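Okay, so chain A shows up in both of these, paired with chain B first and chain C after.
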Partner chain A sequence: MKDVIGEFAIVVQNPLQRARRWKEAGKGVIGCFPMYVPEEIIHASGMLPITLLGTEEPVSLAYKHLQTYICHLVQSNFELSLAGKLDFLDGIVFPGICDSVTCISDIWRRHHPYPFHHNIVVPERMDSLSSKHYLMEEFTGLKTHLEEFSSNKISVRSLRESIAIYNGDRALLSRLYQLRRADPSLFRARDVATIVMASMLMPKEEHIELLSQLLKCAPQAGQQANSKVKIVVSGYLCEGPELEVLDLIEGVGGVIADDDLYVGTRYFSTLVDEMLPPLEALVERYIKDVPCPTKYNPARDWADYLLSIVRRSEAKGVIIMMMKYCEPPGFDYPYLKARLTAKGIPHLFLEIEPPLSLERIKTRLQAFMEILRR
Partner chain B sequence: MVTAGIDVGALSIKVVLLDNREKILGYSILPTKPGVGELAQFAFDQALESAHLSKSNVAYIVSTGYGRRLVPFSNSEVTEITCHGKGAYWLCPEVRTIIDIGGQDSKAIRINSKGLVVNFAMNDKCAAGTGRFLEVMAHALGVELEEMGKLSLQAKKTLDVSNTCTVFAESEVISLIAEGHSKEDIIAGLHLAIAKRIVGLVARVGLAERVAMTGGVAKNMGVVKAIESLLGVTLLISEEPQIVGALGAALVAADRCEALLRPSQQVEVRSL
Partner chain C sequence: MEAKIRPLNTQQGQVKLINDYYGKGKTARERGQLLAWGSGICAAELLSAMDIYLIFPENYAADCGALKVSTEHCEVAETLGYPQDLCSYARNQLGSTALGEKAKSRHGPLPRPDLLLCSNNQCSTITKWFQAVSREFNIPLLITDVPYLHGDIDDERFNSVLGYVKEQLKEHIAFLEQFTGRHYDHDRLQECVALTRKSAQLYADGLRMCRHIPSPMTAFDGFINIFGIMCLRGSEESVAFYEQFKAEIAERVAEGFAAIPNERYRLYWDNLPVWFKLRDFTTKFISHGACVVAASYFWNWLDFMEALDPSQPLDSLARGIIQPYINHGLEYKIEWLANCVEEYSIDGLVMQSTRSCKPFFMGQYDIIEAVEKRTGVPGVIIESDMCDLRFHSDAQVDARLDAFFEVLATRRRDRSG
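And now, the complex of A and B:
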């Protein structure tokens, strides 16, 4: 199992390398800002979609164009672009998830354009029929633009095939999480995050192959009682969690039983309905996806969702890791806090701002464990 | 049973020696310098001396604070959050909220009727609203840190100083001096700036009376009065608020020592 995890780690440690190799083989690569990009459509066009998750390298060039109070993800991705590190990309897709991602699109187009530049305007309200029609037009627009750009017609059949591949990967990731829930000590949290992150950075077919191998040799749930405290981590809405923070949680006696992270259950837990016409199915998936604080949808309540994750994993506490300057989840936090408190579930609010000061984070985590352990 | 708590903070090291959870036998406070391990030893020796004890009298040592992992002779470590909760509760069991302003940290801690921490909030990365903030300002104003409290009580008005960043606040202070404002009025403004930050932290954990203040900044009457007026409560402050964290560590040491003794006694019983 270690060898396979090592393969995933290589992809994650150098997040652009696999995509660059793909490009060198003469195939197209499209960078995607997180969350509302239906990657299946890009996949069906024969290009490789990768999610732009930023890096830990310090930001400097981007400050020329951006205010300091923009989240790390946007700053870091733009920094990579200005430094020329994304020049191998054929293009970028910007979904309208928040003000920062919406506005960076035009700044980007002006200062460091790529041949393919596409915005997806995602409706703010997700609960109406018109939002469904609107998103359908947006996804159709992406498809048409990709067809023009790649000179490849995206047939219904190829889109269905891509959806099936993506669903296959989602199912394997869900299986991995199921195993972890049964015995969270089986996997290190950093390995699980690495596996999910790799899925966003490499061809899905390769990810499926590796993950299938891993699941075949994954250890079975142990019967011995575990003294570690089960934790659910939430937050990191569209960036990958810092692996060091996950290590710290384990280092102070916690074990992550489940998560509500973008690089986690948010990415894979809902499947695309393979019985529906493919574009419609993709729209349905995003409308009915996990509750998202960037959109209004009273039918999908974030607190209900988080509480259900806590229940199913029998966690003792929740750690909410909030990216500094990420506004949408910040506005929802008081509500989450009230709901968790009403259920008697202790939680820790951890503000994350790269570069991390780990010692400060460790003190907070350790104090939280001292509360949970007694 | 004598236990010791060692609180290695960002600005000072505090040691408390406690007898059977009942009586403080001695304590010491030393400024933190590089070489924390040796310094902690020195502070420990000083505390032992003040209590007329030797190291062999101490059954268990717990370290806390920023440098809690740097004390080579401690038996175990615990965070300062738990310690301030324990220490303040020991001093007054009616306490439910604790405001601790130390060298580089400010925190609000909520404890329950058993003295156990239920929630806490801490300042973010910047040192604004901490002891270090006051130190920087004392230096900019050319006054002693210890005088600030008294000086602020003589203020004719409270000036407006921002509380978001220590460096920006310092340049504001320099401008205010240049504009001819009195030191007293500026200091009153600084104390209010700290108090406003603390009130935000307290709101996050929820205010419940009674409220204690711990940490070195609790010795500054100006900050205390500013917090009291914003929160509308009277703060409970012990004679030596700086050692409450170390006191809590000594209490944790007593718990842990007892827990260690318990199973070994059972083993003895079985062997009989």
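And now, the complex of A and C:
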């Protein structure tokens, strides 16, 4: 199992390398801002979609064009581009997830354009028939634009095949999470995050192969009583979590039993219905997706969802990690707080602003653990 | 002695309008009238036509900002768990509502709404804010979801945007009919749309008179007198107010009155007004003989309202609501400002970067660079906020502006020399 995890770690440690190799083989690569890009459509066009998760390297070039009070994801992705590190990309897709991503698109195009530049103006409402129709038009627009760009017709059949492959990967990731829920001590949290992150950065077919191998040799749930405190982590809604933070949680006596992270259950929980016409199925997937703070859908409540994760994993506490300057979840936090408190579930709120002060975070985690052990 | 400028006489009349407006909000329930809260640039006429009283928390925040009580409200919101980086208009309302009768506003806390109407044609933050309000009061929220107009939009996509917005307005009407138990009144909507358009035209006419050299008023007068455009939409009172507004400015033009004595520089103001610092900025500008003659801020409403057509009220509301300046991509903004520089004979761009308003501050570096390239006019970024005083540093802003006025002076000398 270690060897396979090592393979994933190589991809994650140098997130652009695998995609560059794919490009060198003469195939197209499309960078995607997180969350609302139906990657299956890009896959069906014969290109490789990768998620742009930023960089931990310091931001400097971007400050020529941006104020400092913008989230890390936007700053650091733009930094990568200005430094020329994304020049191998054939294109980039910006889904409308928030004001920052919406606004960076036009700035980006002025300073560092790629041959393919596409905005998916994702509706902010996900609760009406009209928004469903509009999302369908936006996804159709992406498909048409990709067809023009790649001179490759995306057939219903190829789209169905891509959806099946993506669903396959989602199912394997769900299986991994089931195993972890049954015995959270089986996997280190950093390894689980690495496996999910790798899925966003490498061809799905390869990810499926590696993950299948891993699951075959995964250890079975142990019988020994576990003295570690079960935790659910939530937040990091469009970025990868710092692996060091996950280490710290384990270091102070916690064990992550489940998560509500973008690089986590949010990425793979919702399958695409393979019985529906494919574009319609993709639209449905986003409408029915896990509750998302960037979208309005009163039928899908974030607090209900988070509580259900806590219940199913029998966690003792929740750690909510939100990126500094990220507005959408900030408006929901007082509500989450109230609902968790009403259920008697302790939580810790950490505002994340890279570069992190790990010492400070550690102190707060230790204090939180004290509360949970009481 | 502190330098002052002469306020518009018309402004006196606004005091009563504002007090009446908030006063009537408090008694709406007693009168048996439903009360809604709306976002600044929402499809307010739909509600006016249904006889629903409409309150705008953004105007309330500006009012709290001008009286410098907003920061305290913001701090209360932060104790509830709202992060400090969220929109300060939002934090102002959330905090003041939590304070209840202890709210610091001269109008007291905002009256409890029965319904909410908002549109993300200004930012996507607004829907989050209103969602929080909707949860707090457990009341329905109507969102008019307005897709952002990036520069690469073609006709087909534009039509799809328009279709989506129109469809939602119809959904809103269906909801409102059920909610109020009344039928949608097409004639009444026509009237409201016509009145809104009329006031917008009068206000815009007045603002456009700032093209005169010297300028008869400053854009700050425009900020102060925007109340009716936002809060009294679809009303006769608003039309009457802006008739006076326009007439007074026309009179000033006829007299050759200069808002800033010895006008030397004509400036453009970007982003939101800094409500708690309007006077200090004015003093600063007077000391340099500078007059702020234009601002994009107004056109968030006016581009919407001037597109209204009473003969097609619903269609034109849909067309208008997607039009605010701020709902457009960067190329549009650059083009818009380059034209503005020409039309208003502008010498410099003051780009206020409101920390808590991303759609307004993102792209400001690009706008300065591109507009200077096209027009030769320089710009400066100053960092502040519309109503959170903690985000403003006098020393920093002063230093930036002084350096900027030196640039302007050098350019002026070079040109005349």
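By definition in this document, the second predicted complex is superposed on the first by the 374 of 374 C-alpha atoms of A that agree within 3 Å, B and C clash if a C-alpha of one lies under 4 Å from a C-alpha of the other, contacts with A are read in each partner's own complex, and residues count from 1 in each chain.
Keep this in mind: a contact is a pair of C-beta atoms (placed from the backbone, for glycine too) under 8 Å apart; a residue touches a chain by one contact, two chains touch by 3 or more.
Computed from a prediction, not measured in an experiment: that's the story for all the values here.
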Touched partner set for A:Gly141, first chain B, second chain C, both or neither: second
Chain B versus chain C as contact partner of A:Glu57, first or second or both or neither: neither
Which of chain B and chain C A:Ser357 touches, first, second, both or neither: first
Touched partner set for A:Glu205, first chain B, second chain C, both or neither: neither
Partner chain in contact with A:Arg374 - chain B first, chain C second, else both or neither: first
Chain B or chain C, by number of chain A residues touched: C
Partner chain in contact with A:Arg110 - chain B first, chain C second, else both or neither: second
Which superposed partner A:Gln366 touches (first chain B, second chain C, both, neither): first
Set intersection of chain A contacts, chain C complex versus chain B complex: 349, 351
For the chain A and chain C complex, residues of the former touching the latter: 64-67, 69-70, 96, 98-100, 102-107, 109-110, 117, 119, 121, 123-125, 128-131, 133-134, 137, 141, 293-294, 296, 298, 322, 324-325, 327-328, 330-335, 337, 349, 351
Touching residues on chain C, where the partner in the complex is chain A: 80-83, 85-87, 90, 120, 123-125, 127-129, 131-132, 135, 141, 143, 145, 147-148, 150-152, 157, 160-161, 163-164, 167-168, 171, 329-331, 353, 355, 358-359, 361-366, 370, 381, 383
Residues of chain B that touch chain A when the two form their complex: 66, 78-82, 116-122, 124-125, 204
Residue ranges of chain A in contact with chain B within the complex: 346, 349, 351, 353, 357, 359-360, 363-364, 366-367, 370-371, 374
